[in-house]
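Scroll down for the structure; my scribbles are underneath it.
For reference, chains read A, B and C in written order, and residue numbers begin at 1 within each chain.
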Amino acid sequence: MSFDIAVMQFFNGISLFTILLLMAGGLAIVFGLMGVINMAHGELMALGAYMTYLTARAFELWAPSWMGVYIFFGIAVAFATTFVLGYLLERGFIRFFYKRPLDTLLATWGLSLILQQAYRSIFGPQEVSVPLASWLSGAWNVTDGIQLPLNRLFIVGLTFIVAVGVWMVLYRSAWGIRVRAVMQNRAMSGAVGIDTNRVDALTFALGSGLAGIAGSVFTMIGSTNPGTGQLYIIDSFIVVVFGGVASLLGTAFSSFAIAQSQTTLEYLMSGSMAKVTILVMVIVALYFRPSGLFTSRVRT
Amino acid sequence: MNDFAIASAVGLTESPPATSELAEGARPASTPVQAQRILQIDSLTVSFDGIKAVNDLSLAVDQDELRVIIGPNGAGKTTLLDMICGKTRPTSGSILFKGQDLRRLAEHQIVRAGVGRKFQTPSVYEDLSVIENFEISIPQGQGVFGSLLFRRTPSVRSRIEHVAEQVFLADALRRKAGQLSHGQKQWLEIGMLLIHDPQLLLLDEPVAGMSAREREATAELLDRIARGRSLIVIEHDMDFVRSIARRVTVLHQGRVLSEGSVAQVQSDPRVVDVYLGH
Amino acid sequence: MDAKRDFSEPLAYAALAVLLLLVLPQTLDDFRLNLMGKYLAFAFVAVGIVLTWGYGGILSLGQGIFFGAGGYMMAMFLKLEASAPELPDFMVWSSVETLPTWWVPFRSLGATVALILMVPTLFAWGFSYLVFRKRVGGVYFAIVTLALALTMTVLIIGQQGDTGGANGITDFRTMLGWDILSDEAKRTIYFAQVGLLLAAMLTASWIVRSRLGKLLIAIRDREDRVRFSGYDTAMIKAAVFAFAALLSAVGGAMYTLQAGLIAPGVVGVVSSVEMVIYAAVGGRLSVVGAVVGALLVGFLKSWLSESFPEAWLFFLGTLFILVVAVLPNGLAGIAGRFAHVWRPKEVPSATAAGRP
């Protein structure tokens, strides 16, 4: 393999890594920090994608000269919508299933079916796609042989910004401390005056908002249909579980490991066999370390 | 001869697991000194997330002894029992039961070797009736097909009734275990242990949450079952400890702080310091 | 085991037998009866789920794997017979020259049946025993089964030359010379299937009534206590999971016979999760209930998909939520409450059944 191809392969891996991280990040917050299994997470991503699509259409109709930057608004709209929906979902639905993870799994699966049908009824069963802004089309020719697609570079950059943002919210803000306090010791947090209900809702909303961003960003590399969410949900869960459920850092490592392995294997074998190999490797790895890559040993 | 003995003679019980190799440095059971020791713990250590819950702990319990373990919260008492019965794996050290290294065995194998454990909070099958709770604990037909074919024969029934009477539950056989009082659940759990006739019983706070009368009854119960068996009891209630204990071990921060009779331990300045000092 | 005489279950069995053996064949036309047969194939899976999930607390979201295994194996036999002496058509289209080695045993019905009964069962037993030994919790097990279902689907679809790919395997004609496409053959297959299903149900009920059934409940609620009573709980859970896999494989084989085709759709995640709902709707603690649940949901699926196609997913999604939130014991739970009116009945509580 020549150096050029190696670099581009590595970049493919990074690109996939950022995509997996965006998808799994929201899930890691919801599943990892809160212990809630939201099988409708994929549908929240799809919602982000559809919102971006609507934003693109709106710009086409009313502000065509601004089409170059609609994507930023699209992301913002996607985040806002899914954040709010996540908040409402947590307050009105999810919180009744706390402490019953298997029931949450099934109930949110039901929710995902409902949302899928809702998208089908509202947006139609066919695929929708959004135009790519001109400044994002094409590639960056680093050298003669190395070409890195601009849209994927944008995603990498955006993921970095989002990751830093999430880190700052969780580890550097006053609200972040509250979130971590509630996750570690709910009773004491309540006793010192933290509104645990509100923290739960906002945390779930944050996770959902991240899903929205992920979905919005996907519109840049693929089209959306009502079933899109379901395509990604299992992969996202596998990434989170493999990384170690209670660890955001684990999710990051897991995304990276899986992404690089997948792109490397795809170079060597067919796409489906690569995927199968990755899945089998993860299942085997989970056998040896059931709680994932990053765990802490605790007295049960 | 009890029913279990009859059953094992007829070949209905599971054969005990093969003895795992002895840990290095362990003395074989034939030596006169070791034959008396039913439990030998040496330099046991376990750490969780960097904190040593049990730190270089050594302990020996003789056959037919009733040992009480006391100590402030966090001293490592429950963790010690966890390691003996196989719930937690030690980081280092050895645990020899009748000369057999328990660290290599799975929980159910340790139980079949003759160790019974009662948990800190009553651990009974809430959805099943008392008689069913006992029935499941009978060490017959414990494999998949064995349990399919298991029948409640009259001898099984009489064994259950016998144990139920010992633990004051003869009248409550039909009730759902979840409906028993806290104290009764503790008794049920002790009964579930008795029914498979262990040689070493590990009881974690057997009288927690019991009324004074229940405590008296339990003291008498423990006295009865201690005959011909070895017991390790963790307790906080000093009156209760005094009523049953012959030898007491005090744990502190994962180590043995003091050992002796109740009077000796209570007058030991180190113990006084730990409990009353700071 | 219990001295109490409880007639509600035999009554339910009798009613179901009458329904399946008399009422349906008399009242339904051949097409609809065939549809019923397809739902009954899923009922096999539902019975297994009652044992593993309702009683054992093990949630598997990948029963489609075993269902699909049985279904594909039967399809392979039928396809080889139908296309003999040439290769199956999809192989020809994929330029496959000779029959792959792993297809060869399926030339014989005896070998096919033996493999259907043994392969999924042994795999399920081995895999789940290894996993349960590691004390992998309920949630992780569910997700790992999901991952396995996904893996199998990707594998099947990817290897078009070997498995028929996304189109599956179809165009069967005869089974050992007997024409399986005729209406009469379909009726016979239906009755054979009902017979097998009733046998499976009776076996499951026997297990539930035995000490093994009580053990499963104990393991579901307090597995560590069961271990400390001297049981190898991983072995017991694995055995029950293997039995459920066996049932699912038989169901899958029957499905192929009834439907005349097999496709990767039944193997996948969506299908596997639906199978859980069949059991949940009927009552995860009731063997008869699970079968009724499968029939009911299957029927509703055809009817809604025909008349109100948009409504089906809404309905199914709502059903998931309702069953989990409000009706943990499903329809059988409701029926049980009515029975309570004239006869007290002890139903093992389902409050603990949701625990991981």
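Note that in this section contacts are C-beta pairs under 8 Å (C-beta built on N, C-alpha and C of every residue); 3 or more make two chains touch, one makes a residue touch a chain.
As the structure is a prediction and not an experimental result, all values here were calculated from the model.
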item: Remotest chain, chain A as reference, centres from CA atoms; value: B
item: Most centrally placed chain, judged by C-alpha centres; value: C
item: Centre distance in Å when chain A and chain B are each reduced to the mean of their C-alpha atoms; value: 49
item: Rounded Å distance, chain A centre to chain C centre (Cα mean); value: 33
item: Gap in Å, rounded to a whole number, between the CA centres of chain C and chain B; value: 43
item: Residues of chain C that touch chain A when the two form their complex; value: 59, 130-131, 134-140, 142-144, 146-148, 150-151, 154-155, 157-159, 269-270, 273, 276-277, 280, 310, 312-314, 316-321, 323-325, 354-356
item: Residue numbers on chain A that touch chain C, as the complex places them; value: 37, 96-97, 100-103, 105-107, 109-118, 120-121, 230, 234, 237-238, 241, 270-273, 275-276, 279-280, 282-283, 286-287, 290
item: Chain C partner contacts - residues on chain B that touch it in the complex; value: 14, 85, 87, 106-108, 111-112, 116-117, 119, 123-128, 132, 135-137, 139, 141-144, 147-152, 192, 196
item: Complex interface listing, chain C residues touching chain B; value: 1, 206-207, 210-212, 214-215, 217-218, 221-222, 224-233, 235-236, 239, 348-349, 352
